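Here come two complexes built around subunit A, the first alongside subunit B, the second alongside subunit C.
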Partner chain A sequence: MTTPGDLRGVTEAAATAEPLVADDPVPELDASTEAALQAGIDPAERIASMSRTELLRRRFLRNPMAWAGMVIFGILVVLAIVMPMIYPHEPYSLDLRADVNTPTADHWFGLTNNGWDTFSRCMHGLRVSLVIGIGTAVLTSIIAILVGTVAGYVGGKGKLGALVDSGLVNLINLFLVIPSLLLLMLFGPILQQASWLWMIPLLAIFSWMLTARVLRAMTQQLVRTEYVEAARFMGVNPVVIVVRHIIPNIASWIIIDTTLGVSAAVLGETGLSFIGFGIERPQVSLGTVLSNYELANPWTWVPAAVILAALVISINLMGEALRDALDPTSGSSRV
Partner chain B sequence: MTQNHLSATASPAPLLSVRDLSVTFPSEAGIVRAVQNLSYDVHPGEALAIVGESGSGKSVSSLAVMGLLPRSASISGAVTFAGEDMLHRSDRELSALRGERISMIFQDPLSALTPVFTVGDQVGEVIRIHHPEIPQDKVRARTLELLEAVGIPEPQRRAKQYPHEFSGGMRQRAVIAMAIANEPELIIADEPTTALDVTIQAQVMELLKVAQDMLSAATILITHDLGVVAGFADRVLVMQNAREVESGPVDDVFYRPQQDYTKRLLAAIPRIDAPEVPPEDLLDEGVDIPAPPEDSELAAEPITAIPVDERPVVLEVRDLERVYPIVKGAVVRRKVGEQRAVDGLSMTIRQGECVALVGESGCGKTTTLMEIMQLRRPQGGSIGIGGKDTSTLTRAERAAMRSDVTMVFQDPMASLDPRMPIGDILREPMRVQKYTADRMDERVDWLLRTVGLLPEHAMRYPTEFSGGQRQRIGVARALACDPKLIVLDEPTSALDVTIQAGVLTLLQELKETLGVSYLFVSHDLSVVHHISDRINVMHKGRIVESGPTAEVFADPQHEYTRQLLQAVPIPDPEVERTRRRVKLEESSLAALADSA
Partner chain C sequence: MLRFTLLRILNYVLLAFVATSITYLLAASLMHPQEVLYPPIATKPVPPATAHAYLEARNINPDTPLFARYARWLGDLLHGNLGVTSGTDRAMTPVLDVLAARVPLSLRLVVLGTLLGVVLGIVVGMISAVRRNSIGDVAATGSSFVLLSLPTVVVVLLVQQINQIVINTTGFGLPPTGATNPALPDGSTEQLVYHLQALVMPTIVLALFGMASYSRYMKVTTLDVLGSDYLRTARAKGLTRQLAMRRHGLRMALIPMGQYFAFAVGAAFTGSLFVELMFNWHGIGKFTVHALNSADVNGTAGVVLYAAILTLLSATFADILQGILDPRIR
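This part shows the complex of A and B:
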């Protein structure tokens, strides 16, 4: 019953499927099964049956790193929403009455040499960075799911399918070899003139490729499973098969990838803004705040750097905890 | 080996002694007791079989002996091997024993071999690790001897091949070669034949027996199937729910079982030597099949009244052919040959009939099924379903026909989408046929009751059910839209013997009360024995023998059919001991023992 590869999964199997539980090690073929069925109690109920989501939730919450990540991220989100509403200064407003640049009760993080309020800029920047980060990650995942599942599904279906598959794979490869930074620098400022939200599709279009490749491989694996085959033999429409059978079964991976994608997108956007090709006036991002650093006045750049680091680290902590919770070999399955 | 039937007090010190062994695992649902208070002895040269269903703790107990359990397991009790304590040793000390004095054979020979090394290297590695002083060329020579001893033809060439180039049986032979490489005192074989065809199973068991005799090693055979034990073991230990149920000499357990559970285990084995006794439904889950919904076309009475020959034909296959080209070359692909997977196969199934298609892996059974299930024009020949040729179907006709031919898959774990509740799984085929919501609800209730589950189960997910229950759900899904023909692809080969009996009984009852027709594909003649009306034996893409079940069993005409019948284990120690199926080169093993 046990192959070497299964060894690590023994506890896992015990947690989910094995009908052996302390004090009541009676699996379903006990003589009392019939009676239990009559009474409407399924034998499985005695195992404190647990759905996958429940299992995942418990493992996730057992991880202190997950808590740290959620708390930090929660605080940052609340700050980004609330602070710009109640803080009296705007990012680009000049306070001509202020007599010092250093942090004061009025200007919490001080001012830059040209009179911009650092705290206000940080909070507005955090807002923009969050919106762009989350938006880009979601859009990236959507593109990747579309391309990945379609390529993976049609790949094994006849000559036409193979053609579509290889076309999509070549598209992925094409996007991988395009010098994306140069194109971002080229299009960034142009699209900014319309709306700063254009940064989202712009960043997404250059970051979906690796996810799509992985999803394609996962889909290829799922297409060969018997339940997908069963659905095909029932005459279920291919689009329905992908939506109903394939995407739910790779959803956990997509969620992790999207979470970690948020921090990647935040870093990408701040990087671009820092070198001057990202978010432009009248919007601020953490990157533009950082780019206006004054080395002698640490209050102009330390807060933005700390917030950026806290944001990225908290997202990564949550992503890692999510991955650990989903991966039975990672050790969080140990009670 | 019969001298070991004596009780433990009279015989010399046991090689392996397990006392009061308990293993527990922490889990989300609380503490799981995998093994409780297990005690047994294995004497030198003795073969002990540990028998139990999945989850009875039989594998965990032997892994505990080897020190291979995950760190989260807590183990209590005492395990002594050759007088030395095993439980409180470091992994390094145990590693010196493993492969040298104790060796293990795992269930799945594919995952037990590393795909990136040649088979010869892997066998040689076992010798080299424990005897680094032996020079390279001697290791190589010994490797070849070993491979030859376990019956691998052309060991020179085979040793240079990779595991994927070996068939399942060959791989298990290579694993056995690794296990006996250092002439261990104890071999632990964990379900060594469960993943294999019956014919290969017979050969591997025979090989294990010969190897054990020649090396006079003690063996622990772990299995869920009492049938394979009969000819092999000296003593049998039956486990259920982490505890020992019964243990004793093999003859006692088989002829005079003391416990009900052992009796039921024995009764569950399909017997080809006793055709009048059907395998008994151990779970007692047999249900009265409720009357189908009024709009259903399933009903037995009008069908069983008509003699078989006059019933309408459900499936007619004529000269079916499927040829795969063998291509070579990465840039310029050229055809270098062809694989005739199905080569002129013909068969007919009439309504209410169960026709079995029997043959070992690679004989073209699955290809035949796929050709039928595609509902398209086959490469050669023709397939007719319900009198309609599949090559002439329009798109709409084909979609409608999807409900007439349904399939039950081999692996109940893989054939149900883990992310869908049972109710939705059962509704899926009906949704394709555009049933109304009310009709679907009514059907789901009926289907669940028909296969012995409760309507309330519709809300649950597949992982909450046992293997046998999942296979029942698979059967229910196949029944959903009043099928004319259900194709069963080895529906019981992934199940324990005890659960297999329950599923077979269910299929039999469905056939009798609802009049459905089956195409039952299997590699095991004993499984189809009681359910099929006619048998087609398939070998290398062709049907080599076909006829009514009773005739084929009573008087097999073709050599291959006889081989298949011989390979089926008979749960009777006396009979099994006299059946020597495979004549192994015992001399080569003897030479091996001398040269070591």
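This part shows the complex of A and C:
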């Protein structure tokens, strides 16, 4: 379903060019319209030939969910960068002069029972959670694209292709059956000794399967289209076909999945760190902060929970808005 | 149909076997349960003969090749023996006994939570699809969006904190942690009442997550069904909206749900791990953490076998359910 503002006939667009510019959320376009008018180009022509990127950008920015998500996410990123620089306490430093563990002017979110400053821990944890979330999501998508497109592409290509395809499908199923949390718990503490950044590939290895399955199905459909067939008969290299014809067609789905993957990775990392198999001292993540919860003193866990919820919700809001922008027909089945 | 089912089950069994084997090999090569014999855990030197006997009895001798240990474990498995717990805590309980003692407690939680979550999720999802954009729909969709954005531990903490506040203000409330009260005699009525009360909070947490995700799926599938031709035909025939939905719509909307169910049990296993840990239930989840913390190779493999079997059973169950709901597959 295309919303009225998206596609208009040239004459219709010319008639409604004025209001369209008026409610345009992007101010600099006003200027460009003026410029176009001065250059003698009909503004209708400019609107009619609006590029896909421009269209998506406008649809995305028109969505209040996108704005809410971006604003919250932006604030959190700025906090994560700035706060650890200016806040006087470190995550594991002890303040022996503090006499209450509830919030004070010195300790903004109070202290835990063993004297750790909660605000500093939350901000350092936010840093770590953000890095791990984004890194894992990107890596997960890369693995899923590799496996999904290869399995989908070679599936219909002779005996060997079918064999490779079924092998990859079984690999996906195998990873789905293995309780990933258990293997994460097995590897986590060992890789922690090297560097906390190992968490990124570790989480990615156990979260690419469902995406790969969907990408495989999408690729299978695309391989049957005429333009891919034509490219094949012209003798184009299979790798080039996948990169040039298949990936651009599934890119929108990949972008949405990567965005939502960030929140999934943040949640996974939190769970793992909470039970003590994830981020460990001297690093601190939001899950580590939560694991030092005290029911007698809600200040020890509520701030971390709120920050975590704000982070995940803002990412999910952006993801949903992206989905709406890329696929306007999803309105009927949007949840 | 029979051949299809058998092949499906065979494929599942093979997957479970491979999954368990990989975990065993990984656990056996990555864990060091022999550390219990050396300082700092052992306070005085252990005679070599004793050490050898200790390691052999648990099948964790690092001098035996990895695949020889795996072969011995596999041979034991064929005899229905999962070995003994082999961690750094020195106890030598058969893994099968541990599982037998803990599985009922965990299953009670997982099954109750999942069933309640599925049923409530289907009802909520269907209602919010039929009454789209009503206040109830917006509230249900919004709250499941928020709930799915929270990690399990935060929801557990919220429920526990609310219970704590209720206890602090009124003096009455649900038992904060533990499945049973050690002060009460086993099998007594008071113990049963305590256990039922203790069951409430963990079940609420698991059911909330099930409800949140299932209502989302259910809403999508119901919306697809609502726009279909056969439902319009049924309405045109004169069926009331409710009757048409119940007789024709519900069944079709439930078909895709069957496949989600298979994964839901796996998710519930993970969810119950956190729930058991935070409510201090001595179930499989708690044993898993203990086994991994104390380098218990056999115990870890046993847990994976349990999880794999659980996933297989639910996947098979989902296939059967789909066969019942969708006559085109039969």
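Heads up, the rule we're going with is that the second predicted complex is superposed on the first by the 282 of 335 C-alpha atoms of A that agree within 3 Å, B and C clash if a C-alpha of one lies under 4 Å from a C-alpha of the other, contacts with A are read in each partner's own complex, and residues count from 1 in each chain.
In the analysis below, a residue touches a chain if its C-beta (ideal position, glycine included) is under 8 Å from a C-beta of that chain, and two chains touch if they have at least 3 such contacts.
Bear in mind the structure is a predicted one, so any value in this text is a computation, not a measurement.
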Based on the superposed arrangement, let me know which partner A:M234 touches: subunit B (first), subunit C (second), both, or neither?
first
With both complexes overlaid on chain A, does A:A194 touch subunit B (first), subunit C (second), both or neither?
neither
Identify the partner contact of A:F274: answer first if only subunit B is touched, second if only subunit C is, both if each is, neither if none is.
second
Look at the residues of subunit A and decide whether subunit B or subunit C touches more of them.
B
Looking at the overlay, does A:R58 come into contact with subunit B only (first), subunit C only (second), both, or neither?
first
Could you say whether A:P179 touches subunit B, subunit C, both of them, or neither, answering first, second, both or neither?
second
Subunit A positions within both the subunit B interface and the subunit C interface are 335
Spell out the residues on subunit A that touch subunit C in their complex, using ranges where they run on.
170, 173-174, 176-179, 181-183, 185-187, 190, 263, 267, 270-271, 274-277, 287, 290-291, 293, 295, 298, 301, 305, 308-309, 312-313, 316, 332-333, 335
Please give the residue numbers of subunit C that touch subunit A in the complex, ascending.
15-16, 18-19, 22-23, 26-27, 30-31, 141, 145-146, 149-154, 157-158, 160-161, 164, 176, 216, 219-220, 223-224, 227, 263, 266, 269-270, 273-274, 277, 288-289, 292-293, 300, 303-304, 307-308, 311-312
Contact residues on subunit B for subunit A in the complex?
24-34, 36, 53-55, 57-60, 63, 68-70, 72-73, 106-108, 111-112, 190-191, 194, 222, 224, 241-242, 282-285, 373, 398-399, 402-403, 405-407, 409-411, 414-420, 428-429, 431-432, 454, 456-457, 460-461, 463-466, 468-469, 477, 498
With touch defined as at the start, can you tell me which subunit A residues reach subunit B in the complex?
1-5, 7-8, 10-11, 14-22, 25-29, 31, 33-34, 37, 40, 42, 44, 47-52, 55, 58, 225-227, 229-231, 233-236, 244-245, 248-249, 251, 334-335
